[in-house]
Amino acid sequence: MSSSGLTSFLFSTAEMTSVFSPQAQLRALTRFEWALSCALEADGRAEPGSGAVLERFLGAEFVDVEGLLREARDAGNIAIPFLRQLTAAVKEVSEGAARSLHLGATSQDVLDTALVLQIREGLHLLEDALARLEAALLEQVGRHRDAVMLGRTWLQAGPPVTFGLKLAGVLTALRRDRQRIREEAVRVLVLQFGGAVGTLASLGSAGGSIAANLAQLLELAEPEMPWHAQRDNLVAIVQVLAVLTGTLAKLGRDVALLMQSEVGEVFEGGSDGRGGSSTMPHKHNPVGSAALVAIHAKMPELVATMLHAMPQEHERGLGLWQAEWDAVPEAFRLASSSIGYATEILDGLKVDVGQMRANLEATRGLPLAEAVSGVLAPKIGRAAAHEVLRRAVDRAGTEGLHLSEVLQQMPEVQAHLSGAEVDALLDASNYLGSAQRYIARAVGDDDADG
Amino acid sequence: MSSSGLTSFLFSTAEMTSVFSPQAQLRALTRFEWALSCALEADGRAEPGSGAVLERFLGAEFVDVEGLLREARDAGNIAIPFLRQLTAAVKEVSEGAARSLHLGATSQDVLDTALVLQIREGLHLLEDALARLEAALLEQVGRHRDAVMLGRTWLQAGPPVTFGLKLAGVLTALRRDRQRIREEAVRVLVLQFGGAVGTLASLGSAGGSIAANLAQLLELAEPEMPWHAQRDNLVAIVQVLAVLTGTLAKLGRDVALLMQSEVGEVFEGGSDGRGGSSTMPHKHNPVGSAALVAIHAKMPELVATMLHAMPQEHERGLGLWQAEWDAVPEAFRLASSSIGYATEILDGLKVDVGQMRANLEATRGLPLAEAVSGVLAPKIGRAAAHEVLRRAVDRAGTEGLHLSEVLQQMPEVQAHLSGAEVDALLDASNYLGSAQRYIARAVGDDDADG
Amino acid sequence: MSSSGLTSFLFSTAEMTSVFSPQAQLRALTRFEWALSCALEADGRAEPGSGAVLERFLGAEFVDVEGLLREARDAGNIAIPFLRQLTAAVKEVSEGAARSLHLGATSQDVLDTALVLQIREGLHLLEDALARLEAALLEQVGRHRDAVMLGRTWLQAGPPVTFGLKLAGVLTALRRDRQRIREEAVRVLVLQFGGAVGTLASLGSAGGSIAANLAQLLELAEPEMPWHAQRDNLVAIVQVLAVLTGTLAKLGRDVALLMQSEVGEVFEGGSDGRGGSSTMPHKHNPVGSAALVAIHAKMPELVATMLHAMPQEHERGLGLWQAEWDAVPEAFRLASSSIGYATEILDGLKVDVGQMRANLEATRGLPLAEAVSGVLAPKIGRAAAHEVLRRAVDRAGTEGLHLSEVLQQMPEVQAHLSGAEVDALLDASNYLGSAQRYIARAVGDDDADG
Amino acid sequence: MSSSGLTSFLFSTAEMTSVFSPQAQLRALTRFEWALSCALEADGRAEPGSGAVLERFLGAEFVDVEGLLREARDAGNIAIPFLRQLTAAVKEVSEGAARSLHLGATSQDVLDTALVLQIREGLHLLEDALARLEAALLEQVGRHRDAVMLGRTWLQAGPPVTFGLKLAGVLTALRRDRQRIREEAVRVLVLQFGGAVGTLASLGSAGGSIAANLAQLLELAEPEMPWHAQRDNLVAIVQVLAVLTGTLAKLGRDVALLMQSEVGEVFEGGSDGRGGSSTMPHKHNPVGSAALVAIHAKMPELVATMLHAMPQEHERGLGLWQAEWDAVPEAFRLASSSIGYATEILDGLKVDVGQMRANLEATRGLPLAEAVSGVLAPKIGRAAAHEVLRRAVDRAGTEGLHLSEVLQQMPEVQAHLSGAEVDALLDASNYLGSAQRYIARAVGDDDADG
């Protein structure tokens, strides 16, 4: 059970939990040792057939986890007891294969490279999930491109936007987030193999060719040099995942706000049972939106831990390496869950266009004061126009009148605008500026900039 | 950031893992429901015998964890499916007892109060462990009060301290840390029981008496009012644990530095296997010290998460409550492991007084320049004395001479100090100032300030 | 200008900016040196009259700040060039007084103790401001104790609370926050004076009495021993301020949510110009609430920095001490600004009780379903009652009916409740449970628990 | 957490302080308004000559900063009072130009875009400084490629590396860090211009062309759409700077450790006064290394603040936007200072190759046990070899013998290795594996992989 057991339903997906499960880590550790045996064999440093022997252990069933953890406390990491167990298991099959096990490598090599292998699986999951999410988002942007609604700044009603535009903002950010993930993936999917201090000294002059072969067997890139004490790539992959969950938390926050009882414009879908309350039968809680917020609230801590852990001493740090261990898997779990919830929300989204319009109308034209001000400004000056509107807005507010009514009674307005003109200016559909152009660019319409 | 899985050997103790295990949480949830049934029964709102029925379920064996997690995803928390399962189980025994289950309470009541019950267990473990740690530290302070060693600032040799004094600093901080934990324990060990929005409305006018009874049954204090949306107590308990691990990380860092190959003054003890390297048979790594550093490196982010999660909306927040869930248990796990490692280090500490002296001597008197400067200053002025010593130090440094030799050749020194006086000034044992007084105060000697 | 210049209007108050201004720090540094000269003089280690000479410099006008910063870059801190400048200035008045300047002390002594002196001023400001804030809050709790409004969980309408109850939650948290500040104030307001490595060795056996005298002159407590390498007290004072701003951010978030255009129940007051928009004349933004949120969003970072900076090496750390320098002043600035904004909001608060009632009514009784469910449960069982209400709520939702109307048509309800009983159950004023009791406890009414 | 005031010597450079100074921000704000006036003029929405009028104000001398801050408190940001002051100033020159000021824009447009303009300046400074730093590092890698020294893991002596290899690790990380900065620079250097809610509605259909023109005038890219509520680019630029300071903090930490009195292999250079102590004339503190550590210790929390601030509500957030304001400038200041200190350290680096060799020799061959073990392993098995060496190491340790001496007395060794062979194996220069190959790759030697 990942992410503290009973919270895993919120903070991970089953697939990602599996990628970073203890068993998966043990398999990844074994895979490193298998590949190393193969590479050593190719170089004549392991008995012929060693790789084939190791291959039988790739399932890592040989591991006694309790014993591993018990010994790890003295060893300081799990690699040492893992190797002891692996060696014992291999020895029963082949003394020869056991002899060359781990040759040239150190604990950090196997732990770091195993982590990279798990990261690769994690990135595959994320990339697929992100493609689905982006498609879902793209569809919703298109579907709601004309759904006029209040824009809101400082949580106050403002001039109108469309729901499609709001989602287009998320879509463009999501694309940048994916691009960041791709850029960092290239850097992070590299072998770590340096031996005790990063020189591969125990392999003599063969280190280079064995490392190259090892990388190839694991389908990882070979880095310029071992990075046991340079942790930037791991930090950076966590960082880009954190930006991603930030983008989705913004989506979640907005949906939750739109789902407020007093707003009621947008709703999470999902099964009937979703979001039910133990005490309040009338409630349908924004469970997915809350998840997006909750997940992201944990991400900055992982990034900060990774950053603080960077100044690792000399050729292997004193404690800071260990501080990384939980952070990378947790970042992948959180990101996967965030994408999952976001996709669910978008797939099931219910949008009440009528309520959007009703909320707009309930503002009695006030958020569109800017539209009138904008037309008056060239005629009477920006400050004067602002002042006219401020007075009109004040009166409309105090007396509960529609702004149109107030404006049409003001001589300064009458001098320049007819009643119909005022009404047209206060029609939200007429005051969307470049919204459609931006949506078109976001969804990739050919004529976006036409 | 979870510490379950294969890193638990480093980031938790078995006991604390158990206190915050899924099973323990489920038992704590059940305990709340049991106590509530008892309180309702006493108030006549539950059938006679309901409490007794609930008592049979305190082991929480009835829970189907997989089902719980599956349903929790739609519900948004585990309390709702937990109650569904509990109700089903109780109903098989007593329809009557099932009817009043959870009456008056909401999900957050049972989840928050269960957490408080787990915190209480956690605090008991910590308090016992802290008492042992403080005793171990006290003994080491006393044992090494006269072990003269280099003081070090900016990682540079300075005037001498004793190893007892260094540890006394940790001891006094540890006592303050314990005091902080005690102060917060009083505030955090309180019932949460407010119903849907904190008014206990569904209990009518009986809320007060039922809450009081419920608190008594759970042996918790009753707060001034429900705190579902005021999270300061939970934040604060995590904060004081983080300060504690900070104090112990400082101990760990110092031990690791003293254990460097080039320093070699202090060593972690422990079993023969401890700290062995997979590639370097000669090495004994500071495994415990590294653990202290690693553990603390994770703590600040738990605190940050808790703090960021404080502005929870209205009567129950949107996502930020959930963000707390893993942080509190993790803080307890980390604190317990930190105390455990620190105690082990202190219990097994090996101190090489000879090496301390050798390292002092290797500095050729330079760090004691201040002692000479201090005696010269009243005679020739502080600036002049500083200047004399700077020149002497420069020459001693450049020519590899002992400072005593250089000083005895300088007329400005000869004018005021004999050779024997210079030598006495450069004897580290003579330059410990108030060290013994501070140690005496730290260990509580009667005549500390005599 | 503090807090990055043009953001100081938001993140500090003028008074707190002044307490932690460069000039104030320089004066505090000078005050330490003055008190030390007095203490040395009393001990016969400074020329008679030295203290009196130093007293003339307490205004710190002698400092050349640019020169100070230039030299500090090489020195690593400002204490060294500060002392050079002070010595030069004093020497012009009295060679004798200059000779004993800083005797026995090290840079960290003067920097740490000066910080403590500034903290004391900061705590005075905060304590006064907190007293005013608590009074303002207390008054608002009393004033709005009966203002019935929707409770809201997950941003969804729930059973009713009163606005006084909502504020009472803040009040009780604020009292705990003040208590925490007082507890930490006792620990943090202590002298730091240890010399090069914490032994006061350069003062021989007189260290104790000089330290005691120095503490008395500065009106600080004397700690058990110097704490140059044990930073828990500084960390802890920042932590308790962060909890405080968290409590106030929750207030700010709630006010901002209540001030939403669609909610309109509560408003910040303040001058006419407050919260005006550059483009939207109709808007009055929740400027103070936003400030409370913004301020707290920065606090966790300060706490995390302080915690990460704890493992300072040996007798003076390598970089981590410096990492603290900005965090402590900034925490005080942020706290002061938070209290200031919160007090302004409370003093100017406008509450629209009519809108609270209107929003309640607009929910057509749905959030009170629990009240009916609670009465039905003892008669037909909790699950059945929950189910009845769920169906009623669904129909009321779908058909836009009032819950009362729907319920009165249901045979399962008719069998147990009259129409008048249903209406009474759905009257929010009748469903406040223990709200008044909790308010009474919070405001300290004598009969709160009567 | 501001770095103005008396800590600026440590946490910024003069140049970067200037780029993010209040005056520079005011000039950037004015530049936006100038460019907007030009773009409006080109579109016929501003009087001919408006741009030219605005150009006269680019120095921002017209601003009354105190008034600005006073008004900003009510306004919630400085843009509103800034515009009031700008309008007043422009009006004195040209009523016409004043009329169209800020048309179409909102406060966030001018504040965000001004920040981007400052970021561009900041990135220029960083890019130049990074080029110098990389050159300095490259030179040092080359110079010390053959300087054999102890490798150190867990702060314990390990097999040898060369100092050039250690620095090559930093060099390769630094190159990746620069690449990240370049990738994010492309994304962040974009115009923000969206009006009240991101639609540019007040410009009707002309928004697109005016925005394009505005971007061109400011030499910024035009984004797909306004990003007022999507903050990923700002977060990401802070993140990559934080990784950079992490890389340099690792350098700082290593230098400080190598500079320890007991190690003495590497020293910071710099002026004579650098690192002097106020009380200890013999000391030369690692001031620059400490700065690298201190600077990075502040970075993670800036990143965390930026990440936590991402979920900004709807079209403009409530408080979280403000939380960003200090973080971005501070990140640039810290990064600039970090690069500055790192460059100074590298330029002045003093390396004591003799001491490196002496420290190696003092380990009596123990860290090279692996070399012998590696040669024995193929002959007697890895476990047996490890065991032989463990015994040899134990005896060498206990009896203070050189490992060579012990080994040559062991029959298991004698059977396979001559004394000369043992000595050769224990010669550090023979046990560097791929070190030169990695260095060659890092410095770009043609035949690195030959």
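In order of appearance the chains are A, B, C and D, and numbering begins at 1 in each one.
Here is the rule we go by: a contact is a pair of C-beta atoms (placed from the backbone, for glycine too) under 8 Å apart; a residue touches a chain by one contact, two chains touch by 3 or more.
This is a predicted model, so every value here is computed, not measured.
Contact with chain A and chain D alike is made by B, C. If you compare A-B with A-C, the chain pair joined by more contacting C-beta pairs is A-B.
Each chain gets one centre point, the mean of its Cα atoms, and the points for chain B and chain C are 24 Å apart. Note on chain placement: the centre of chain A and the centre of chain C lie 32 Å apart, centres being C-alpha means. In chain D, the residues that touch at least two other chains are 76, 102, 152-155, 158-159, 195-196, 202, 252-253, 256-257, 275, 277, 279-280, 285-286, 290, 293, 297, 300-301, 304-305, 308, 318, 370, 373. Chain contact summary for the complex, chain D toward chain C: residues 1-11, 20-22, 25-26, 65, 68-76, 78-80, 83, 102, 105-107, 195-196, 202, 252-253, 256, 270-271, 273-280, 285-287, 289-294, 297-298, 300-302, 304-305, 308-309, 318-323, 325-326, 329-330.
Interface of chain A with chain D (complex): residues 45, 76, 87, 95, 98-103, 151-155, 158-161, 165-166, 168-170, 172-173, 176-177, 180, 183, 187, 195-205, 207-208, 211, 223-227, 229-233, 235-236, 239-240, 242-243, 246-247, 249-250, 252-254, 257, 293, 296-297, 299-301, 303-305, 307-308, 310-318, 370-371, 373-374, 377-378, 381-383, 431-435, 437-438, 441-442, 449. Within the complex, the chain A residues that touch chain C are 150, 152-159, 256-257, 259-263, 275, 277, 279-286, 290, 304, 308, 359, 362-363, 366-367, 369-370, 373, 386, 389-390, 393, 396-397, 403.
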